[in-house]
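Two complexes are shown next, each including subunit A; its partner changes from subunit B in the first to subunit C in the second.
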Partner chain A sequence: MKIKDGIRAGFIALGILIYLDLIGLPKTFGSSMVVTFAVIVFLFSLFSLRTKPAEAPAPLPSVLVNGLIIGVITGLGFALITFGFASLQAQDVKVTDVFAQISHENIEALTGVDKVALREGQSVVPGLTKLAGYFILAGVLGGVITQFPASKVLHIGDEEKRSSARYWLMLALPFLLFAFFLALRIEGVDIGGSEENSFGLVLIYACIAAALFAVREVKAGVHKIGFSALIVALVLVIPQLTDLKQNAILGAVMIFVIMGIGLNIVVGFAGLLDLGYVAFFAVGAYTYALISSPESYIVVNLPWFEGLNFWAGLPIAVLLGAAAGIMLGIPVLRMRGDYLAIVTLGFGEIIRLLLLNLRDYTGGPGGILEIPSPNLFGLDLGNPKGILYLGMAFAVIVTFFTIRLRDSSLGRAWVALREDEDVAEAMGINLVAIKLMAFASGAAFAALGGTLYAARQVNIFPDNFALDVSINVLSLIIIGGIGSIEGVVLGSIALIGLPEILRSVDEYRIVAFGALLVIMMILRPEGFLPSTRRARELHEADLDSPAEFEG
Partner chain B sequence: MAMLEVKNIHTYYGNIHALKGVSLHVDQGEIVTLIGANGAGKTTTLRTISGLLKPRQGTIFLNGDDLTKYPDHEIVYQGIAMVPEGRGVFSRLTVLENIELGAYSRSDRGEIEANTQRVFQMFPRLEERAKQVAGTLSGGEQQMLATGRALMANPKILLMDEPSMGLAPILVEGVFDTIVEINKEGTTILLVEQNALMALQVADRGYVIQTGEIVLNDTAENLRRNPEVQSAYLGIN
Partner chain C sequence: MSTLTQPKLPTSERFSQLFGKYIYIAVGIIIVILLIGRIIFVARQESYPLSYWTFQVINGLVLGGVYALVALGYTLVYGILFMINFAHGEVLMMGGFAGFFALQYMTSIGWANGTALQSTLTIVFMMLAGMIVSVITGIVLERLAYRPLRGAPRLVPLISAIGASFFLQYTALLVFGAVPHNYRKPSVIDGVWKLGDSGIIISYTGAFIFITSILMLLGLFIIVQRTKMGKAMRAVAEDKHIAALMGIDVNKVIVFTFALGSALAGAGGVMLGLHNTVIRFNTGFLPGLKAFTAAVLGGIGNVLGAMIGSLLLGLLEALGPSALGLPTEYKDVIAFSVLVLVLIFRPSGIVGEVLSEKKA
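Moving on, here comes the complex of A and B:
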């Protein structure tokens, strides 16, 4: 990459930052704005300096220089502009008349100097120096990261060219991030984290994501077993170290992991596009609610029935979920592609409308309240930490089943179904049976997620089961990489976990994630952690095209 | 009694009457060829026999057993396998995965393994490329794969739909050699071909189909000499 390209990338990044500044992002983000902007610079540097699939990796010095250039341009440029705005405001010029969002809060978020201090002549230079420093650091860091195999995220690299130093760094990365998280917590270092310690959560996400890539990268054999054990240990201690709110968010992520793995069977393995997946989530949640809550129609009307506990309700909910999957499966057996998508979409809405309108049984919009929490040998799991551990346990079980399914002859039959229904049938594959199996197992997992969700929420309402749940689950498996289980975890973090910490900027997060999806589909259509089969499918053009003739 | 006995089948695509009473039979150990022009109904005949299309009328018997009573996917369990037109390999799966799927209808691990070895012996190319994605094979190799995959079902009768289609002349010979070899090893073959010249050389008997009807039925030898066949299908005037 030439210096010229670095300069161009720097100015584009600066433009984006100024735009975000002008639409008023700093006001909403408060003191964490500087770090967030630095992350943007980092990502931008990473993306613009990454090597393209066909090219050899750029040499370190060139990448460093360009990273530095991006950092300097964004850092100095942004600091200068902010300095200008701050000086104007210090002299009582009404900047907001022209730029509505460049208020005192904006300056305060970026420089740490509040309205009064600014008037009294306190300098914004130290704050801006810090800001520029962060940006430069971020730019350089982005450049450095392109040298790691982890940046393989951004392209399909050459396996041979990875040196052993990179390999070890990659394996160490999750632990380094985790250590960073620990250091933050223990010493209470403030790097712009908000009250809920969003920054800590971001580190946990990064740590898990790095672990997912590392587990995939690590060489097979003893190596792999040992490393995976370390990662498992790390994941198991995380809930002990995170706070209530962080655990609650991670718990939500786990529920979506469980659902993602289920939908992955239907969409990823069997290739059946199901847009009404939320229906089975709802069936699971409402089944458990109906047979457990003392407020529910069943418990209220059957004098001898006191309601089941979590462990008794769970299998019933899961079975009913599977049955619902088959019920949806039968009428759509003959449908393919877009027709299937539309019908399943409708099914999802029908279930929600039923929940809303069967007032007597489901409580209508008032939902079902007082759903009992899970309990394990007298240990109350009805708290974020308990739900998170339970979710992790379920996710492991579900993963185990899914891997067994994938590697069985049923798994192969699903692939055949996706490729060519007729040939598959001629080979003796019972299409009806395997399609129903896909719907049933996917639905059972969704119902499992739904049961956990009901237990976590205590009160559930039809609105919790709207179309956006289906869309989220589908998007997360696409982002993660269809057909891949690690991809589901990564996708859940990206789509469920990250937006949670951005709650305060609600309006923007949807836009941002829409943009992310679009960019994603262009840059890496197979998702971040695709299954090898899928990567093959979507990169067919890169492979030698089959020759029709040969001599 | 004939091994495969197709009697007076009528198959439709919606309103299109594609097969208008096709009858044919194949005896144990034979190679029988079905030749005809584009759109005559050859593929339709094979798809009807293998259960992918349901005839509105007529019967199909394999060793005295009525095949039309079985659900589509169970036909292969009765001993009929097909090498589909255009090969139909699962292009995103590896060669080995394709071959394993060919044995989907069977459960005896040991025999499947032995069968795989047999296929690899017949097509050493496939063994070399076992881990390669099928979509990246050459046309000739894909044909080998489609054939090998069908053999994995250990069929009594193999239906082949234009195996020489789109292959260079030098490879076509190889395809027909393979057909003879498979037949020698005891598999009965019903072969659909546009390349009538080659087909009639390896076949014992032949049928000529025209717009959904069988118009000629004779030994391969006689068909080769038949002036009508010569001018219409063999390019001899």
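Moving on, here comes the complex of A and C:
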């Protein structure tokens, strides 16, 4: 552990803190920001100073000095910058013209000096001294903690010993979390206060995520069947216990699960990077809207046509989606990798621009309104609970098809295509047919999701079908685990479900996605719950050849 | 690695078998006939005055000049790393913001609208600020998001680039705010020439953008063709391993390439700001995509191709909607359609043939 390392770590940490300051975290967190920042410094110091398992532990003085350096650099640096901003504001220079988030609230959160006091010339130095003190303390503390044996826990990825107690705990965890959720509903138990609903939903998410991990680990045979049955029962009962808002959020998650499974066929199985996936989602939604809504162009202009109901519209939308998949697939048959990505992205944008500009047919920016909601044997499914159940049913059907496709000869042909197009062709695989099949089935699932979305939203607008839907779906399959269906569910919960609750951090969602994509690609390109095959492929490179020109 | 870069014969052969050998030519001819028919039809119905067309041509050339600056960044990086730097449009946007703040500062001290010399210096200062910030962004991007992934499967760096693109875009949204920032043109380029009574108007800004971008492209051409670093770049583009054996510092060359491409993008960002008079967090996205289209149109990996493709795309975009009798909102549709058509009928681009064969 050299002094240089500490200085380097200190400046990196300072950079991160300044970044968080500029994107406006202090405004959101208020007075708890100083402590939050100090915790970040502490964690950073802890992780950058910890000794790796193979190394000899660093001597205490050197660790302490480095911790101190990290604390001093972050503390002084950050205090100086805040002081600069505060004095600019005290002179009535409008900092927000350049840095939109460095407002009075920002300074108040960091120094405790409010707008009026700042104007009257109250010094921010005491507040900043406190801040710097916290940071220095946090840095040193991080260094001290590394000396305790317990910090070895941080070595993620060490040999894990799976004891039987651990095994049973893992299987029980989903049910424990669910029990916790139930306990919240008992009269008089109050944990989250006004945030109780969100807290309950987080518990549901954790419960499902734990179930996903457990399903992987459970032993085959009776264990597996029994466990799966229990999980299914649990999932079926959840919508009955959650309230309206929670069901609405879970419904949105289900729509993305359906789309994720579809995109997984195209990207995960066949290896065709499709960035215009939202096009098929839009085709599904607009098809259903056009043939069902009393406001739509078709229904208005055909006197004898009164619009179809959900169950008649669904197959048409799905078939048209598949047809759109083939139509967009044919021109791109010859393209690979990056070219394909850009062209599909272009297609996605073309579809959105057409929806926006073909005013006569799609209603332009005004969208299509009053889309009928589904009902089943007289039972109205137009409420969040109904949509959620419907989404679950569709997800199960889609999953079933996907698994059957994956294990068929078509699925194996897709894998061959992904691995090496030329070799696959030499083996006698009809590339045209299987590529079009991949596009068609992916598009059909997206159209299914789109139809459900249109029925859920009642009114749809071109803005609902912008590029970020494609990016969301792609991110969730990549972060969840490419090629695996559990991964899609996990990704949907993490990327669609969580941000829905954490409204206050919603604006940071896409920034976090972007950073997460980069970090995942570097650290764990296969995602959290990958298919075993995909994980092996992505790490093949590590075994064969060391990364070239690393430096 | 290089064997993966170009669409190869077998697939297309199979495709041809399925749809008949001359299907491409036939479909191509049909599309061309349909387009020409539409243009004649529209031309007979409504006639814009000549000044309108000249205005659009000038507009197209100006846009094409900006696209060329950005397209070169794609082409240079693609030529060397065989990856699409998806975040290049965001590099442009960062440069645009830097130029905007430089302009704000110069306006506040009164230089932007001061004497001709002060005003010119303002523009130089803006361009420098934009280029420096873009270069920093580009180098950091390469270091953090792309370098650790060199040698990974091709999907991996592309996804990382998409992530970086969104990260930068929404960082700009959060840091600089969602409101559009308005460029107020420095006095020296604020104005128009009127050519006699013909009604033809050339704005100073347009002329400035076009001339500057041509000069910068010339400069780049000289760097790539005449300097030692340019030689090293071409060597690395040809074969990284052999170049390394020849004593070329491959990492350094790659960083230099990113810096060069980013500098051009930064200048492009400032010019785009002056042209559109407004900059936002998502300003870079569409021009980035269009510039990529232009690079593909000319033949990706080919410097001259990127320039020709950009000018062509700028003209198509400016003239297309009017010639086809469509509202101008369809210009983006036209640009993307061009991309799709080029990739279908001539994936190697207009002048890309020689180079692509070498790489394939």
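Just so we're on the same page, the second predicted complex is superposed on the first by the 359 of 551 C-alpha atoms of A that agree within 3 Å, B and C clash if a C-alpha of one lies under 4 Å from a C-alpha of the other, contacts with A are read in each partner's own complex, and residues count from 1 in each chain.
Note that in this section a contact is a pair of C-beta atoms (placed from the backbone, for glycine too) under 8 Å apart; a residue touches a chain by one contact, two chains touch by 3 or more.
Small disclaimer: the values here were computed from a predicted structure and weren't measured.
S.K.: With both complexes overlaid on chain A, does A:P303 touch subunit B (first), subunit C (second), both or neither?
M.R.: neither
S.K.: Which partner does A:E425 contact after superposing on A: first (subunit B), second (subunit C), both, neither?
M.R.: Once the two structures are laid over each other on A, A:E425 reaches both partners.
S.K.: Looking at the overlay, does A:L474 come into contact with subunit B only (first), subunit C only (second), both, or neither?
M.R.: Second partner only, subunit C.
S.K.: One more residue to check, A:P61. First (subunit B), second (subunit C), both or neither?
M.R.: After superposition on chain A, A:P61 lies in contact with neither partner.
S.K.: For A:G221 in the superposed arrangement: first (subunit B), second (subunit C), both or neither?
M.R.: In the superposition, A:G221 touches no partner, neither subunit B nor subunit C.
S.K.: Does the superposition put A:A416 against subunit B (first), subunit C (second), both, or neither?
M.R.: So A:A416 only meets subunit B here.
S.K.: Once the structures are superposed on A, label A:G121 by its partner contacts, choosing first (subunit B), second (subunit C), both or neither.
M.R.: It touches nothing on subunit B or subunit C.
S.K.: Quick check on my understanding: which residues of subunit A belong to both its subunit B contact set and its subunit C contact set?
M.R.: The answer is residues 422, 425, 430-431, 537, 545, 547-551 of subunit A.
S.K.: Using the touch definition from the top, list the residues of subunit C that touch subunit A in their complex.
M.R.: Those residues of subunit C that touch subunit A are 4, 7-8, 10-12, 14-15, 18, 83-84, 101, 104, 144-145, 147-160, 162-171, 173-179, 240-241, 244, 250-251, 289, 292-293, 296, 327, 329-330, 332-333, 336-337, 339-340, 343-344, 347.
S.K.: Subunit C touches which residues of subunit A in the complex?
M.R.: Per the touch definition, subunit A meets subunit C at residues 19, 22-24, 96-101, 271, 273, 275, 331-339, 341-343, 345-347, 349-350, 353-354, 356-357, 421-422, 425, 430-432, 471, 474-475, 478, 507-508, 510-511, 513-518, 521-522, 525, 537-538, 541, 545, 547-551.
S.K.: Name, in rising order, each residue of subunit B that touches subunit A in their complex.
M.R.: 50-52, 71-77, 81-82, 84, 88, 90-93, 97, 100-102, 104-105, 133, 135-140, 142, 149, 153, 166-168, 170-171
S.K.: Can you check the complex and tell me which residues of subunit A touch subunit B?
M.R.: 409, 412-413, 415-416, 419-420, 422-431, 533, 536-537, 540, 543-551
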